[in-house]
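To keep things simple, chains are lettered A, B, C, D and E as they appear, and every chain counts its residues starting from 1.
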Amino acid sequence: MPAPYFDYTALLPEIILTGAIVVVLVADLLFEEREKYRTSTLAGVGCLAALVPILYLAGNGNDRAMFGGAYVVDNYALVMKALFLVAGYITVLLSANYIEEGDYYQGEYYTLLLTALLGMTVMSSARDLVTIFVALETLSIPTYLLAGWRKHDAKSNESSLKYYLMGVLSSAVMLYGMSIVYGLAGDTRLTEIAKYVATGAGGHLFDVAIFFTLVGFAFKVSAVPFHFWAPDSYEGAPTPVTAFLSVASKTGGFVALLSLVYVGFFGRSDAWQPILWVLAAASMTVGNLIALRQTNLVRMLAYSSIAQGGFMLVPFAVANQGDGSARPGAFEATIVYLLIYAVMNLGAFAVLIAVARKTRSAEIDSYAGLFNYAPALAVTMSMFLFSLAGIPPLGGWYAKLVVFKAVLDAGTAQAVTLGVVAAVNSVIALFYYARVAGLMWFRPAPADGGGTARVPVALGAAIALPSVLILAIGVYPNLFARLGELATKGL
Amino acid sequence: MAEKAWLIPLLPALSFFVILFFGKKMPKGGSESGIIAVGTSFVLAVIVAAQWIKDERIVDQHLTWWSNGKAHITIGQHVDGLTAMMFLVVTFVSLMVHIYSTGYMHGDVRFTYFFAALSLFTAAMLFMVMADNLLQLMIGWELVGLCSFMLIGHWFEEKNNSSAALKAFFTTKFGDIGLMLGTITLFFAAGQTFHIETINKLALEHGALSHGLVLTAAVLLFLGVMGKSAQVPLHIWLPDAMAGPTPVSALIHAATMVVAGVYLVARVYGVFWSGFSIGNGGLNWMAFIAGLTMVLTAALAFVQDDIKRVLAYSTVSQLGYMVAALSVGAWTAGVFHLFTHAFFKALLFLGSGSVIHAVHSNNMSEMGGLKKYMPQTYWTFVIGTLALAGIFPLAGFWSKDEILLGATKNGYPYIFVLGLVGAFMTACYMGRAVILTFHGEYRGHGHPHESPRSMTVPLLLLAVPSVLIGLINAPGVLKFAHWVRFEVPGVEFEPPEHKFAVPLAAFSFAVAVAGLAVAYWVFYLKTAPNKGAFARSPLRTVKHVLVEKYYLDWLFVTVVVGFIKGPLARAAYWVNQNVIDGVVNAVGVGAKLVGRFTYDVIDQKGVDGIVNGIGVSASETGGVLRLVQSGRVQQYALMLFAAVGLLAAALILFT
Amino acid sequence: MPITEYLLLSAFLFCTGIYGVLARRNGVLVLMSIELMLNAVNINLVAFSARLNDAAGQVFALFVIAIAAAEVGVGLAIVLLIYRNRVGVNLDEIDLMKG
Amino acid sequence: MDWFDSWALSLVVFIPIVGTAVVLAIPKAKELLIKQVALLTTLLSMAVGVIILFRFDYDHADKLQFPVNKSWIDVISSRYHMGLDGISLPLLILTLFVTVLCVVYSWDHFPEPHNPKAFLALLLVLETGMLGTFLAEDLILFFIFFELVLLPMYFMIGVWGGPNREYASIKFFLFTLFGSALMLLSFLALFFKSDPHTFDIVQLSQLHGAGLAHGTQLVIFGGLFLGFAIKVPMFPFHTWLPDAHTEAPTVGSVILAAVLLKLGTYGFIRIALPVLPEAARSWAPYIGLLSVIGIIYGALGCLAQRDMKRLIAFSSVAHMGFVMLGISTLTSFGINAAIFGMVAHGLITGMLFFLAGSVQERYHTRELSRLGGLLLQAPKMGWILGFCAMASLGLPGLAGFWGEFPAVLSSYQPAEGLNVALFRGFMVTAAIGTVLAAGYLLWMLQRVAMGKIPAEWEDAHIHDVHVPEWIAWAPMLILILGLGVFPGAIFHVTDDAVQHVSRMFGGEG
Amino acid sequence: MSLTLAASSAPQNVAFGIIAVVMCVAALGVVTMKNIVHAALALVMVLAGVAAQYILLQAEFLGIVQVLIYIGAVIVLFLFGIMLTRHPMRKTGEYDNDQRILAGLVSLLIFGLLAYLLTDQFRGDKLHLGQPTQTSAIADSIFRTYVVGFEVVSMLLLAALVGAIVLARRD
């Protein structure tokens, strides 16, 4: 039996990340207590270093499949990996001061963060059930732990517990589904599964198995009704972790969904399309409606991210053109949405952390009058919030546009209905986003005048980078649209 | 010169801007600018008129103002006899009023502004008169309405005055709906043009336009006429309009603006003629309204104490005559009455202004015996009264006689009868006014004195035409009918003309004299405290006759006059104040109430309520959904598995 | 040997696990119930592996076993953490955050 | 000048954005400098506008001029396509003009909480959005500009507004967003239903709905209708307007009235009618009906108001009703009137809001029952108020008339295929509306300007019109009069382009 | 041993039946017993049963791994967990919460669905057990197809270890 073919160039990002994990772990042992903050620098460097081969590979342009098609490095995978790494890097920036200033374990924190990132990069390339499962657990388990990182805070514990339990339960359901899929299709590789799908065999059992498989990722993207963990976990977890959860971890779920649906189960669209239709509609509506009543900004963002997840699910519900071929633009729509969502949500959390450093609160009321004493934070926060709402000229509008475009392209009654649901939801969403923005701008500064909010450099960078990006995307969406297009060509 | 007739309105318009921007810095507060401009316009008007008389050449020119595809909206001038006459009337009366006002308004807080408004008014009126198309006419029409509003509300500090201004504007604006819609109807009927000559032509050509269309247009336009020329029941604004300074009343609410409606009918006569089938005689809507107006408002004049209101009701009544004339086909008579009325009514108003200026009150109960204090005013006022009453050979006699003549000859006997009744009443209430104002004892306060020359000179200047002007259409002369006639080039049409009939003239003259006599009887003899004075009066013989023939006395005093003065007039006045005016006020109040209902109930609670309701219910739904998020992880898990089970079941059942 | 018997056994274990997860309030017991579910999955995988005569199913099961062990470790760490802070591991008493 | 022709529109639209950036870069404390930069920016943009005005080819006003058509988002085949024709030109100039005046007006009195930097920066962003909307020839580009105005306006109302500003601002925002979300769906539907797929307004107008089933057209038009009608706003989508207007700071109200409402009506003329003429014909009676309801309803609403500014706000509902009535006739008369009406309403209602703002600044109240005697205390302002009220009620000779009268005129004979009797009914109703307009405006004038000075203000020192106010107002007043006397100034520009539109509906033009 | 069992299906059937019944009873014990230590012991029985089933299915390597990891490691972990979290004051019998009925319904629903679908799909489908799976085949499979997963799992275990220690340690 020949030795398996290893394309080390293609695996370089993962290898670099693994190296970074080890380096961070070892360095943590070597550093003095007061030097431990440097582990954040190492982690950051690790993220950026892993980006280098990705750029090289993207420039190189060839698809590289390994291990019998179980692991593929194509443009789609590269785009997603880049997204994960950048999101990871921003999370490191967000975490640096937060973790250093609190009473937290630093080296271990970054170890876990990098491990989760490793899981995500693997997920981007994974094209078989086992690898997907492993990647999912690799990106999940460290985050279960990170959510409870504030060990002495009961809320953090609770956050960790809920996240863990719901995560494990849904992965159990997913595994059950995968086992049936394997049993029916006879292979774990998605391309082989697609062949089985094409035969049309499997009956309802296969439909249900597909559904069970998707549940694991519906949990990850916190789609209603698998979302219950999200608000509680987001609220209780350390804020940088929440940012990471709501962006990177969620994207991880979507990447898996994209691979599974488009590569594996595509032909079985009568099974997954209605399910995802329901999940999309329910996520948007429920997420937005509950968000209306939130008093805590993190919690509100949690519900908002549930709703945003619903928007990203919309293109799935119209993905099949009806003749078995993938609708051009639907896949792209989800990717573009993911990219833009990552930018704006990370930005929002960055500002949130910056504000919380000053006010020691994430209550929405504590934002009153922010504009008067920290105009830059207020302006950037408003930008991110309105971008999430999809108001031009901020990037979010383009994300919404591509989703609507996919829906209208389909043009069927179900599709248009979903489009109208989405349109109405985008209006509801504006209400709570604008309410926060309104508080910041319209209310007078607090009685003590608010003072000034000092923003450390790392955090400042974590705010500035998304701000610039979000404006750039909004004005010239081609920037990200091209990435989406690129990713689609890979598939 | 006729080609340059547009200069006539332009000059006062320029004057308006000059006064507006520089008036306060001028030595005479801007009045000189107005007088010069209007004076020059008057001279130009005279030239235009002279040229018209000489050449009788109609000038009809226009420029494209703006265009919409092939339809061109134009602005232009149409100069014919009617235009020339109106130019003359407007500029002359306006000039008189300008001069008069320098005295009357002396020391007023808004002296300059007053003259600016006068100039603007003159310009707008002339612009309207000059119009060769309905749109332009309408624009001028509305602009004079604006000036009327400004001038009625001149002393806006008092709520009554501003309310009167609002009422005037609002009521005429209501009529303007008709004008606007009528204009639009004719615009499309005539193939997308407002050109009056074309419209008249089409209206008179048999079969060019359907009768229904022309009738619709005529009715609509007449609604505008009713508003502007104060025909019953839209007359209620005019007496209130007397809240403005008296010169304004003379110029706008007697001599010029209010005749705009009459002018409109005369100008677009083709439409009215065909629309109301005037040539057929009998009853038509226009004649009916005009007949009512003549008599009813004349009766109202009896019970007024305010001298200006007497004149106001008189004006309404006389406008009724003019419209009646046109409605019976007596085009020349109507226009001629417009012409003569302008002079003597302006004279009367200015005279009353002079009185008011002297006694600082409008009420005749605070006047009396002014004859000896202000003789010039007295005599000119008497001339005006006689002219208005239709005493031979003063101006009013000729024009009124022609109206009655037309009514009989063209088959409108009821207009004739109403006209006679009206003539009697006119003479009677004017007699009353003269007596109450100038005769008897002075009942006011202070020391009345004759007005300054700036005021008396215009009175004298107006008195001259009031006496003489009627003669230009006297039998044998008949120049007016020739100079001012309705003609549409290309159409064989002329309103009927009739020969002066002596018996009829004599009869109407007699009626007028009777009216004056009764007034003398009732208001002088019966009420004068000094019987002795009466005993020595030259009218003793008359008194004797009347006293001796007691039944006649009874008949006149108790039955006729008593009825008119008492129940009829009072009832009419009551109806006027409470019903017609009440309706107008109720419309105002009602609109307010409807508005409030619309806003408070429909808008705020209904439409807005739905909107807010959606918001609230969304938020409430969110609140309910929050309950599901109980915080207990195993409930979450239960939801998760339940969802898994149910969705799987659904998947099996529905696919 | 019909495969359905293995599959039904697996399904039974899986659903028993679900019941345990939902009905047990003690954190450790819940974790145990999860093990039931994961083992059910493994029975499936191995049974299919036998049916298909393909080693992949067993490999999959191996991965599941390894990761399940890690999950248990993590889960117990979390339960322990909570026990320390709250002196109790009853899941239905943990509801600081809701709504 | 070829260089200018190809850059003119980009310049005019984006100069304000550059200005925003500069303003943001200046420290908050240097207020004077900020104001100067803002003014300079608006003037520069205006200057470009004036050059455009001179270089515009009026003989070919139906052709798009100064075109710019560059690739933008090729992934979705949306292009940076802008152009200027007779329909856009008056609105473009109006916007440039009003913005300059707004900067001037606010020179000395920024509403609380002051902060000129933020205020002017928002104003400049707003300007870009408004200008862009009038020039965009690509649906997506149009959408972006259309939406771009929302944020600055939201903050303007919310930060510098009256006591109920938070409610008003969010209401404004939500309403408009709701409409534009559905509008966007319609845009996308147009894209997919057109052959070849395109967002280009010019191309779509040439296709005018070819190949679309009637039912589909109706639905797509419905989305466009909602988007635009809410912005206009037409009854029954108007409820955001009185609140937004009442609470907004003066300059905000002025911009809102003068330009923002026109984005909706402009959308109808530029997009909805030419792109889907068949559907427009089916929708027209309903649009007409809502318009006349709006006319009467707005007027009745005005009569119920106790607040001067709210009254003026409500009057916008009625006035925009006339504009929409004109559009609904689908005739050249109606559309010409609509465009004129937009400009006229912009100037007149804008002026009225300026006045309301100045009155409030002086008396610290807008309660009609507490005001009075303005003509005695500040006669110039009183007369200006009277002038504007007259213009607003459609007095001939002032600009308002030319928006109103031809609109009523056009409904006498609507486009082929529309129910003539129905539209004549609309005509009569609209005509009655003109009387009601006279009613409420004069009533307001009587309350505010006439009468004696209320005891409350007898000793108050009420300053007559200030210099910045003069500078800001005089041009508007001159234009109100000037356009009233020379309506051709606008009709001449618009007519060719409007005929182009009306030909689709059988107008002979 | 496996060879003999595999030779004929009848004893295998019997063995399966016995083990399955024991497993089911034990599984029910895990989720219902009032004593947590008993429950843990019942879990041991289930896990052992699973190992036995693996061997019945010719997956000997897996059976061994099951015994080693589960019974050898996981159960010990659980027992530690039980010891560390046992509240001195609490009595037994309070291990269930108040949503038992709903939980029963939901699990029954899912079981019903699965049972229906599985029997529907695999009715009459027989297992033809041949040679027991060679461990080398598993190794081949891991290193040919699932090598990335394998490597990543090692990092995952490392991370889980580190993280669990951080959370669990007293400080």
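Here, a residue touches a chain if its C-beta (ideal position, glycine included) is under 8 Å from a C-beta of that chain, and two chains touch if they have at least 3 such contacts.
Model, not experiment: these values are computed from the prediction.
*Asks:* Any chains in contact with both chain A and chain D?
*Replies:* Common neighbours, chain A/chain D: B.
*Asks:* Shared touching chains for chain A and chain B?
*Replies:* Chains in contact with chain A as well as chain B: C, D, E.
*Asks:* Taking each chain's centre as the mean of its CA atoms, which one is farthest from the centre of chain E?
*Replies:* Most distant chain from chain E: B.
*Asks:* Across all chain pairs, which one has the most C-beta contacts?
*Replies:* Ranked by C-beta contact count, first place goes to C-E.
*Asks:* Based on CA centres, what chain would you say lies at the far end from chain C?
*Replies:* Between chain C and the rest, the longest centre separation is with B.
*Asks:* Of all the chains shown, whose C-alpha centre falls nearest the centre of every protein C-alpha atom combined?
*Replies:* Centre-most chain by C-alpha means: D.
*Asks:* Find the geometric centre of each of chain B and chain E from their Cα atoms only, then give the gap between the two centres in Å, rounded to an integer.
*Replies:* Going by mean C-alpha positions, chain B sits 104 Å from chain E.
*Asks:* With chain centres taken as the means of their Cα atoms, state the distance from chain B to chain C in Å.
*Replies:* 97
*Asks:* Taking the mean of the CA coordinates per chain, how far is chain A from chain C in Å?
*Replies:* Spacing between the chain centres: roughly 26 Å.
*Asks:* In whole angstrom, how far does the Cα centroid of chain D sit from the Cα centroid of chain E?
*Replies:* 71
*Asks:* Scan chain E for residues touching two or more other chains and write them down.
*Replies:* 97, 99, 102-103, 106-107, 110, 113-114, 117-118, 140, 145-146, 149, 153, 156, 160, 163-164, 167
*Asks:* For chain C, jot down the residues that touch at least 2 other chains.
*Replies:* Residues 14, 17-18, 21-22, 25, 27, 30, 47, 51, 56, 59, 63, 67, 70-71, 74, 77-79, 81, 91-92, 94-99 of chain C touch two or more partner chains.
*Asks:* At least two other chains touched by the same residue of chain B: list those residues.
*Replies:* Only 615, 626, 629, 631, 633-635, 637-638, 641, 644, 648, 652 qualify.
*Asks:* Judged by the touch rule stated earlier, which pairs of chains are there in contact?
*Replies:* The set of touching chain pairs is A-B, A-C, A-D, A-E, B-C, B-D, B-E, C-E.
*Asks:* Of all residues in chain A, which touch chain B in the complex?
*Replies:* By the definition above, chain A touches chain B via 161-162, 165-166, 169-170, 173, 204, 207-208, 211-212, 215, 219, 225-226, 228-229, 231-232, 270-271, 274-275, 278, 286, 288-293, 428, 431.
*Asks:* Give every residue of chain E touching chain B within the complex, in rising order.
*Replies:* Listed in rising order, the residues of chain E that touch chain B are 97, 99, 102-103, 106-107, 109-110, 113, 117.
*Asks:* Applying the document's contact rule, which stretches of chain C touch chain E when the two form their complex?
*Replies:* Touch residues, chain C against chain E: 1-9, 11-20, 22-29, 31-33, 35-36, 39, 42-43, 46-47, 49-51, 53, 55-56, 58-59, 61-63, 65-74, 76-81, 83-84, 87-92.
*Asks:* Inside the complex, what are the residues of chain B that reach chain A?
*Replies:* Residue list for chain B touching chain A: 615, 618-619, 621-623, 625-626, 629, 631, 633, 635-637, 639-641, 643-644, 647-648, 651-652, 654-655.
*Asks:* Which of the residues in chain E come into contact with chain C in the complex?
*Replies:* 9, 12-13, 16, 20, 23-24, 27-28, 30-31, 36, 39-40, 43, 46-47, 50, 53-54, 57-59, 61-62, 65-66, 69-70, 73-74, 77-78, 80-82, 84-85, 87, 94-100, 102-104, 106-108, 110-111, 114-115, 118-119, 122-130, 133, 137-138, 140-142, 145-146, 149-150, 153, 156-157, 160-161, 163-165, 167-168, 170
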